[in-house]
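Note that the chains take the letters A, B and C in the order they are written out, and that residue 1 is the start of every chain.
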């Protein structure tokens, strides 16, 4: 989203604000950054939250990275019993990795020779953040959310992914309490690789379903 | 099947025509992560707000504002509305605190 | 208890709630469309009540419903077997 054209508009919401709004850099002041600071200060002053709690939440956020998902996928490629568990009871299977998804439910979508899965949240930005971290900007964009339900193959092509017409493309719109992790197909040429060697091959985008894993 | 596409919310965009996907990404700024952290504390820990209240507040933004604001700008706007709605903070407290924050050097806000 | 069973054919209600702040989780593009129950996901608090901060919202059964892409879009260009799965609460579904 571009911000350069936003200044005039956002000033409507804050007539008294005199600073020109800047592109999204941490050293600039914007109306909504001021709002965040004000709300945070008020909540701390009212003893509802502490600065320490905010720091802890951010640390937890920073610890959630796509590599966490990659480890789960790699294990399921080399350990068929784990894969069976991951598909049957994802909550229990990922608990072995120390991940807790709280009240939400995880569904693991297995890509096969017959089906390719891809995940979207058309209404907002639901994402398996407890495993993969915060979603990429494009996942939350109008373009992705609008188009992938209607022309998934064209969208996949923009990510360099071509799915043959005889293979089903299955889109999952994450509208409610389920979260989705795509289990990509193990790539050809990776037969001799160990679990640890497989992990770095598995990128975030393959676990959303817009790409496939390659060696 | 032919359907009427005129009565949908601005946030409810599945199936609409749109341009090429911009795959550029930005690293989340600290203030954005703080917005996220505040929301997690308000919902999971304090149960003052629900995720659906956050969504409702975002969906209630004028379409123009929704499209022009960044993701976490929409969040903090909705969180703030929710807190005022719940009586946790007053509009007067918000107004005076925002004025105070605006007058301070930036590094104090970043602390 | 869930009122629909896996494999059952259902239609998404074609109701158009007033504009926000009414909040619901049924995307516009799927309203009025017919699909098959793919699975029952469990019972969850009604988001339409949660959105207004109700303390004890009613639990609703949530399903994943599978739709044929070719049934949704007249000009769908992809494969015949392409599908879309969407989570939909029971208050938006009817038997057909």
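Keep this in mind: contacts are C-beta pairs under 8 Å (C-beta built on N, C-alpha and C of every residue); 3 or more make two chains touch, one makes a residue touch a chain.
Bear in mind that the values here come from a model prediction, so they are computed numbers and not experimental data.
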{"item": "A-B or A-C, whichever has more C-beta pairs in contact", "value": "A-B"}
{"item": "Most distant chain from chain A, judged by the mean position of its C-alpha atoms", "value": "C"}
{"item": "Approximate Å spacing (C-alpha centroids) for the pair chain A, chain C", "value": "23"}
{"item": "Between chain B and chain A, distance of the C-alpha-averaged centres to the nearest whole Å", "value": "18"}
{"item": "Where chain A touches two or more other chains at once, by residue number", "value": "122-123, 149-150, 173"}
{"item": "Numbers and ranges of chain B residues touching at least 2 other chains", "value": "11-12, 14-15, 55"}
{"item": "In chain C, residues with contacts to at least two other chains", "value": "27, 29-30, 47, 72-73"}
{"item": "In the complex with chain B, residue positions of chain C that touch it", "value": "16, 19-21, 23, 27-33, 47-48, 50-53, 71-74"}
{"item": "In the complex with chain A, residue positions of chain C that touch it", "value": "25-27, 29-30, 41-42, 44, 47, 62, 64, 69, 72-73, 76-79, 81-89"}
{"item": "Touch list for chain A against partner chain C, complex", "value": "105, 122-123, 149-154, 165-178"}
{"item": "Residue ranges of chain A in contact with chain B within the complex", "value": "1, 3, 5-6, 9-10, 13, 16-17, 19, 24-27, 29-30, 32-43, 46, 48-49, 53-54, 57-58, 61-62, 102, 120, 122-125, 134, 136-138, 140-147, 149-150, 155, 158-159, 173"}
{"item": "Residues of chain B that touch chain A when the two form their complex", "value": "11-26, 28-31, 33-38, 40-41, 44-46, 48, 55, 58, 64-65, 67-73, 76-77, 79-80, 83, 88-89, 93-94, 97-102, 106, 109-110"}
